[in-house]
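Look at the two complexes coming up: chain A is in both, with chain B in one and chain C in the other.
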Partner chain A sequence: MRYQNATAYRFLAPYLLIFSIFWLWPIIDSFLISFQATRTVPWRFAPTFNWGRLIGDPAFFNALKNTLLILVIQVPVMISLAIVMAVLLNSPLLKARGLFRFAFFAPVVVGEVAYSAVFRLMFNLDYGIINKLLNSIGLPSVDWFTNVTPAMAVIMMAVTWRWAGYNAIILLAGLQSIPEDVYEAATLDRVSKVKQFFYITLPLLKPIIVFCAVLSIIGTMQLFTEPFLITERGGPGGGTETLGLLLYRQGFRSLNFGYASAIAYTMAGLAIAISLVQIWLTREPK
Partner chain B sequence: MAAVTLKNVIKRFGVFEIVHGANIDIDDGEFVVFVGPSGCGKSTLLRMIAGLEDISDGEIAIGGKVVNDIEAADRGIAMVFQSYALYPHMTVEQNLSFGLRMTGNPKADTERRVKRASEILRIAELMKRRPRQLSGGQRQRVAIGRAIVREPQVFLFDEPLSNLDAELRVQMRVEISRLHKELGVTMVYVTHDQTEAMTLADRIVVLNAGNIEQIGAPLDLYDDPANRFVAGFVGSPKMNFLAAKIVGADNGAAVVELVNHRGARLRKPLSDALPAIGGDVVLGVRPEHFFDAGQGDCDLTLKADVAEHLGSVSYVYANSGTGGGREELIIEREASRHRANGDDLVVSIKADRSLLFDATGARIR
Partner chain C sequence: MTSRSPISHSRVSRSQARLGRSIALHLFLTPLALVWLFPLWMMVVFSTMPDNGIFSPDIELLPHGNFLDNVSNLQRGTNFIGAIGISVSVAVTYTFLSVMLTSMAGWALARYNFFGKGMVVAIIFGTITLPYAVVLIPQFIMVARDFKLANTWVALIVPPLFNSLGVLFMRQSFSMMPHELFDAAKVEGVKEWRIFLFVALPLARPMLAALAIILFLASWNNYLWPLLINSKPGAMTAPVALGTLIGLTKVSWGGIMAGAVMLTAPMLVVFVLLQRHFVAGIAAGAIK
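Presenting the complex of A and B:
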């Protein structure tokens, strides 16, 4: 038995080695770095230097507020949209199901830079298609990137476009695991389709919805690409700066790795905390 | 309570016709079992009665009213599914009351119906549990309970016992029988298990490849099957079919030669017109209709392959040896505990305990 385990570990060794060097060590090291003052060489141990700054840093709270705002608005909208998409994909009336499934999933495989560039073009003030559409129905153009609220809206729309289909595919798998005869039983019980959705589909889909929500929360807490590329590094004036962007700015622009590490740990801690609360709130009754 | 009538009911899926014109009259309060091998269309037929499948052609009436265009929920039926189809996230009580609650049935009446169902099925102590906390048999009871609370005119069962182990199946079979007596409601039951059909049914409908082969009381089907399919399907172990030839006619009887048994001959009196001499036929003999040597009309010498001793009876799996083609037979013997492999075995068959079928499988009486 012990010999068999040893063999197994020898097979695992290459992976464990790489995992230790490139994953485990950075995770531990960044935790240690967060307790060091890294603005001067040599770095010195100063536990309150970064964590103390964090508590009083308006830039941090701005980024936190922006991140949470996106989280609170975008995640529920996206999950709701994903559920609707999944139900439509699952409909027996749908033709060309495979094509739609691919189309919904495609945004995930599009390069981030390419999709960000397309979104910038679409929302361009003068020749973007969005403003053209608004004008065509008699609405004025919106200056999407120079005001905070519309810029935030663009970020949320972009993230939703990119990830709603992905979540819909996961939810579709959940929908397909609900046996058809449960719906038939409900039909015989004279329960309408709408009530079937709210009293059968949603409760049975709940574990998958929670899974998608937790994935989305973790993803949104780390949001970086969209504010970096679409609203040009969290513009206007830090109005769309997220925690991920602040981390990048501190770590790789100012080379202040201690503070960046503290921000990173805060992001991870928040993501775990929010996810746990989410799981606890939606737990199955005993 | 209601009678169910199927008139020339046809079901097509695309170009494939699954049910080819079924005509069945089910009396009020009758227990009718649809039986047949998988893919014979029995479940489709049941689902058409339920309203879960459209009817391609023909007419279904429940309680004298044609229900072709009536929604499933309005047909006055309740259905028990093979997989139970319980709502996994609801307690037993919620499972039973769900339909009534959703349709705004008065609360007091809902409670009364749930209580009655739980008493009939003796599941009162399970009411707060969820389906995953129940055994297979308990789940099946809840599924039946959910049908009872609807107070339907007709109960439909779609292979309700096939997910249970053998012992529980026997127990639930008795339970369903008791339920039928207690409620006195029309029940239509689908199964592929001929034992369930034989034990439960007032009348059995035998289906094969979308056709009704025969409708009749269990023992009528057993004693007097209309064709080879029914003869082979009803009864366990299966009826033996011996290849034979008509070699002569004798005063209203056909002389049948068993081609795989060294020319053994049987004189089989028939009431139908005698079949042509030289024609291929099949002689059906049930395992329990083999007698000791010399006791019947024709002796067969066999070699025993395997004997299964069940205590009260033994089944001897024997073959016809090398005379002509080799033919496998199953023979029930009460006193054959000593039989073993390779032993010679002489048995006798009787003309009035055997059935004759023509080459197409139709019965020659």
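Presenting the complex of A and C:
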């Protein structure tokens, strides 16, 4: 094979330059900063300063717990919903397909700030439309933002609303790449639609489901805007504070870059672990 | 002709079963679609209501006529129109630069063999699953303190230029093209950068459209980085400017909702007009 190093790197140069300055160096730097005491000038090397603080910090464990709680509830619910959306949108029986696609896919273009504002207003205690609708069918109002459980529920609903359609788009493309004759053969053999879903669709879709799950987990793990804006800086009383929000608070409110970097690397560690699980789940059977 | 043969009988019952399934499908999907549309609909309704209407005990589900008043309330609280100007300029510049950067890199990966290719591909795949949080703090220190570029357009445009899914998408697009075409041009003595610009890019137009839409949307909606780096009132992007109002006690919620509509409506129009490209751009992340 002929090598064309000079030509290739001329095309790659701008991209690799941006990568080196704004990603490669920060990845290394962030690791180094996590071992420095950054609240004194000049910063000094203190290997256990931030990491020691991290393992004894109740705020960190609170944020970790909240983040994992959102992960284990929201991601499976959203992925299941996205699978249902994709399968039903793919049904040849569906009429007005365009309208349904619009309904489920439209949230994909809505910005975090815009939809956070709407959710905050919809779940307002006294004047929110959700409580008004609950009252109109005889149910009591829910104090969404002063108790932890309902506040968490609002965050999870908001994220699910925003991202289910996004995942459904990816899954739908996956469904459409499954050859039609597989289903035709199954139908001829009188395999029911439900069985076809569990024994054909799900196994063939598995790599894409895992891909969606990993992207969603990594996205949700960094959740910031929703608890920042909807539940007012992780309220009530830190009840919805996530790792992303704690990092923001430590890094950019207290300007404690060292500690924030340690938090960031904890998130990276989680992400790497999750990616390894993905590789293991989608490995080719021997 | 008689229709009592067993075959046509089973055909009737099968079409009845199909009808039943079709009805069940729509009975399930319609309420779900309405729930999904509800927040967007309420955004529009709120944006057209005066504040004393939003904060009243009545259930209002239809738009009123207060949109322009809400816009002027919003404009009074924060220079939102100016912020939209910044957002548009930044998103357009970002999209152009990022499309060039990613398609050049994608082209190099699709067309050439070179030393370190495996390494470059590994880097790109590796960064897909790496949390952005890991680079955020050094990026901020570098741009704000070392380069002294806080509150500038460069700060908004340049650091987010690196993206990995776009490069993989373009690599895929170029490698699906018949390479005989490029080789023929090479035999004719056409330089590689001209082959890229005048042969490959025009062929990739639909993919470039998909990529551009996704990149524009990402820049338009970007929140965390602009929030950190451009926090001065005159330098804020529109989402950041809107975000500063959420949580204030004396604030016009009708105004906030009008701002949310101004951020969302153009993207929804683009989405409806270019849905095919949109879907292709998003789906390309996973489907090889």
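For the reader, a short list of remarks on this structure follows.
Convention: the second predicted complex is superposed on the first by the 273 of 286 C-alpha atoms of A that agree within 3 Å, B and C clash if a C-alpha of one lies under 4 Å from a C-alpha of the other, contacts with A are read in each partner's own complex, and residues count from 1 in each chain.
Just so it is clear, a contact is a pair of C-beta atoms (placed from the backbone, for glycine too) under 8 Å apart; a residue touches a chain by one contact, two chains touch by 3 or more.
Please read these numbers as outputs of a predicted model, since none were measured by experiment.
By the document's definition of touching, neither partner reaches A:154: not chain B, not chain C. After overlaying the two complexes on the shared chain, residue contacts for A:9 are found with chain C alone; chain B is out of touch. Contact with neither chain B nor chain C is seen for A:246 once the two complexes are overlaid on the shared chain. Of the two partner chains placed around the shared chain by superposition, chain C is the only one that A:112 touches, whereas chain B remains out of contact. Touch criterion met: A:191 reaches chain B, while chain C stays clear of it.
Set against each other, chain B and chain C differ in how many residues of chain A they touch, and the higher count belongs to C. Common to the chain B and chain C interfaces on chain A is no residue.
Taken in their complex, chain A has these residues touching chain C: 1-5, 7-12, 14-16, 18-19, 21-23, 25-27, 29-30, 33, 85, 88, 91, 93-95, 99-122, 126-127, 129, 132-133, 136, 161, 165-166, 169-170, 172-174, 177, 193, 208, 211-212, 214-215, 218, 221-222, 224-225, 229, 232-233, 243-244, 247-248, 251-252, 257, 260-261, 263-265, 267-268, 271-272, 274-275, 278. Those residues of chain A whose C-beta lies close enough to touch chain B in the complex are 179, 181-182, 184-192, 195, 199-200, 203-204. Note for the complex: chain C touches chain A at residues 18, 21-22, 25-26, 28-29, 32-34, 36-37, 39-40, 42-43, 46, 54-57, 59, 61, 100-102, 104-105, 107-109, 111-115, 117, 120, 123, 127-142, 158-159, 161-162, 167, 192-193, 196, 217, 220-221, 223-224, 228, 239-240, 242-243, 246-247, 253, 256-257, 259-261, 263-264, 267-268, 270-272, 275, 278-279, 282-283, 285-287. Residues 50-52, 72-74, 77-79, 81-83, 85-89, 98-100, 102-103, 146, 150 of chain B touch chain A in their complex.
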